[in-house]
Amino acid sequence: MEKLVVSQSPHLHSKESVPKIMYFVIIALLPAWIFSLYLFRLEALKVTIVSITSAVIVEWLIAKYLLKKKPTIWDGSAILTGLLLAMNYPSTLPIWIIIVGSIAAIGIGKMSFGGLGQNIFNPAIFGRVFLLVSFPAQMTHWPLPISLRTPDQISGATVLGIMKEGLKNGETVSQLMDKIPSGMQMFYGVMGGSIGEMSALLLIIGGLFLLFRKIITWHIPVSILGTVFIFTGILWLINPEQYANPVFHLLTGGLILGAIFMATDYVSSPMSNSGKLVYGALIGIIVVLIRVWGSYPEGVSFAILLMNAFVPLIDRAFKPKLFGKVKKAKA
Amino acid sequence: MFRTFPKGGVHPPEYKISADKKIKTLDVPEQVVVLLNQNLGAPSKALVNKKDKVKVGQKIAEAGGFVSSNIHSPVSGTVLKIDNIIDTSGYKKSAIVINVEGDEWEESIDKSDEIKTEINLSSEEIIDKIKEMGIVGMGGATFPTHVKLSIPKGNTCEYLIINGVECEPFLTSDHRLMLEKGEELIVGVRILMKALKVEKAYIGIERNKPDAIEYLSELCQNTTEDIEVVPLKVKYPQGGEKQLIKAITKREVPSGGLPIHVGVVVQNVGTTLAVYEAVQKNKPLIDRIVTVTGDKVENSGNFLVRIGTSIDKLIEAVGGIPEDTGKIINGGPMMGKAMKISNVPVTKGTSGIVLLSESKSHREEIMPCIKCSRCVNVCPQGLEPYLLMDISKKKMWEEAEKQNNLDCIECGSCSFICPSNRPLLDYIRYGKQNVTALRRSRVKK
Amino acid sequence: MNIILISIAILGVIGLVLGLILYFTAQKFKVYEDPKIDEVEEILPSANCGGCGYAGCRNFAEATVKAESLDGLFCPVGGNEVMKKVAEVLGKTVEEKEAQVAVVRCSGSPVYRQRTTIYEGAKTCAIESALYGGDTGCQYGCLGLGDCVDACEFDAIAMNPETLLPEVNEDNCTACGACVEACPKDIIELRPKGPKNRRIYVSCINEDRGGIAKKSCKVSCIGCKACVNACKFDAINFDNFLAYINADACRLCRACVTVCPTNAILEINFPPRKIKKDTVKKESEK
């Protein structure tokens, strides 16, 4: 018999582990990603592979040579970041820009803060916003799905883009609704946009899988989607010709992708459930503000990035309820 | 709907492989080592010397303070020496070593199997008897029972709760006790009710023991006192005092307070049986039921063993240490102590010995905290373990006190669930020790 | 042109007014501090290590200025040199203290002291010692997880990866006492550095009986009292099967080192001589 092991209690451990969590999230993203392969074929495959490989290589290089620590690329977090970044890119994004995005996301967004668990901002969001601001043209050149392309038209604006431009030009909502895919089409996902924001249905299926496996809780997705629904609903009720209906808002842009997969990132979101509700609600409000009154058609990335900065404050304010909390005696 | 505590808790695998093994009485060994510190509080003082002859049940050590207990000889024989031996703490502690000769009991002890149901002593006499007979909490905490039953001024006791939950994986001694000594147990409950002067008692049992629930419910029908069996949802740590009180009475013991502050006293079933034997049979606490089990142990069992028997003897009784044993745990796998050697004596608080196989004994590599909040969600006391670990690492003891570090019941749910395998409970315990020291130093000033 | 002149004039006046406000406020709310405190602080090494027992160098400087005499006030990092200068500045006297150094009283490396269990808990000495006596048969010995190394601010102690024992760098050690505090088993002690930096000490704190001690560690003190008997200067105390050399009485004659059967007594910085050390090494290499 080998030497006995001595350690403190508990001597049993659950089957939870970090790689398991990361790989479950990747699995949850697969239905939507496979659908995007169907829409964008090899372009989507290329973007995804370059994004994931560059993210992993950047993390490995920084860990080994700059930080001189043991690289932990197999915990799945770099792979997940790479995949999420890819879901946010147009499928025609040049390879070199994808690599810059990975360097920004992993190098600045994650490793500069100290690696896994220390980052304030969601690395995928950080990378995406970095690229959006640095290369606005390439990042907003949205190709149509391959099946919808004609020799004259390869790309088109996203649905939100069409809506925003149209409203600026004075057209009414009902006029614009004819130009864009119907609600059902948007739900199933045949429209122009990034490879990840296509199919709301498949993303929701992935989200339900994560909920069922207890990887995420309902608080953040429901509060984001709920807040966006309520506020755009109020605006739409006030003037249906000036403001698009709330279902339209829910199904467009990367809202569902952001609400289920990006805002729920453990490291950059609050710890307590009440904190998560507040976080989600504020993200929802900022999304509506940017979409309706801001100059960008799409606000989810910025909203999440902004709220990431407030998470330490939210954690301080919303602490779990202590068992047997002693109420202060009246003087 | 089965009751439980609302917040936190985890579901470790139950491993109740010894649940249907009847209690076997282990033979009296050739030598016993009776540790002098078998309770929470001050150690006891030895009353015997080398070469003294003792009988079973003879008092060999007396309480060393208010929160302390008497110790009685579990065997008859000659005192070999009073020496320092390694106990579960991994350090050497004082103990009385007795060489066994025969099995002669003190005359005053009633050894018959007859179940005495009439309670002839008054409330105060009962508590005195419990004190004299050296009864301590046998769930593992070993708090002197007579101190718990002495209600401090300004508090009243409304309910008695008997803890038959046994939420620790592997352990089944309480389960077998409820099945095989149910009648004695109910008399013990009635004795405690009289001692505390309460009208109502509850017996909390997890629903993975349906036979015990049924049997005890039946027995309770036949008593005049109001005793209710409450089946509880299977969740760890349901057996923790505070969680049990919350589940049954919905009252929360205040942070830093005791159960008596919400009018409740909790006693383990093993303690209750010992109370019956002490009050009705004049038998001091000299033996107890210990589960010996493990994930690769085929002949696991529940044994009635004399205090002071070496754990080696218990392991022998299940067929010896399996070849690939990685850890020998004194207690349950969630809160028990891993031992460095197996030649450690059984004490009043030893509820089980778990022989964990090699594959389950090693800790995985520690990763950074990913702020997943699982530890916060499972903590039954509403604490934030990831934060407490960080604070303890930085040695910020005042901050730890502010974050209610002392409220931790050391159940281990946080370390159990952490996906990054962080040693949360190790650091939280470290914090508790230092905050207690800090408080003590303030009092001194 | 006018605009420029007017801007300069306005900004100049604002600057002047604000400056005057600042000056008068600074004067009105000035806290008087004895200028000597600043002088003393200049002399101190600014390590802010707390070795003097005060909260940082400035706090110590305040204490020296306020105190009647400099008895009991000593900066271990600066040593006698710095204390002399402080005394000069303040016009007080200070007595010279002997230089001290941290000494690790355990030689139980894995070669001599076998590991009997595997410890897998949190890797700090404080937490391991709260759990049990360590992964060897000796419950008093060094655990090797380096709390002392973490506590040192002067880079004067480092863990040897082979012997798993901490080693003190005499040149860097300032005898501030941080490692002594940090060790949960009280293995490290501050002893006088000694003339020519030579010192002799018992490198063991094991209080077990001889047989048990020897079984756990080959270089432990077995309480045989050979050293006590050999010492002509009565410098060795004996209690609980453990010998302790009193540094004040020790004359560095090395008689005890020669007679110790387990080589538990170490002589530091003496010229080499070959005796027992080889025989013990041979035994342990078997």
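Should a chain be cited, it is by its letter among A, B and C, assigned in written order, with residues numbered from 1 in that chain.
Everything that follows uses one rule, which is that a contact is a pair of C-beta atoms (placed from the backbone, for glycine too) under 8 Å apart; a residue touches a chain by one contact, two chains touch by 3 or more.
Quantities reported herein were computed from a predicted structural model and do not represent experimental measurements.
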Per-chain Cα centre nearest the global Cα centre, belonging to chain: B
Remotest chain, subunit A as reference, centres from CA atoms: C
Geometric centre distance via CA averages, subunit C-subunit B, whole Å: 43
Distance between chain centroids, defined by C-alpha means - subunit A, subunit C (Å): 53
Euclidean distance of C-alpha centroids - subunit A vs subunit B, Å: 49
Contacts with 2+ other chains: residues of subunit C: 116-117, 120-122, 127, 131-132, 135
Two or more partner chains touched - positions in subunit A: 4-8
Subunit B residues counted as touching two or more neighbouring chains: 90, 337, 340-341, 362-363, 423, 426, 429
Subunit B partner contacts - residues on subunit A that touch it in the complex: 1-2, 4-14, 16-18, 20-21, 72, 75, 115-118, 266-267, 269, 271-272, 319-326
For the subunit A and subunit C complex, residues of the former touching the latter: 3-8
Subunit B residues touching subunit A - in the complex, by the definition given at the top: 7, 10, 12-13, 90, 169, 242, 246, 252-257, 321, 323-329, 331, 333-341, 354, 356, 358, 360-364, 367-374, 376, 379-384, 386, 404, 407, 410, 412-413, 415-421, 423, 425-426, 429
Residues of subunit C that touch subunit A when the two form their complex: 115-122, 127, 131-132, 135
Partner subunit C, residues of subunit B touching it in the complex: 86, 89-92, 337, 340-341, 362-363, 423, 426-427, 429-430, 433
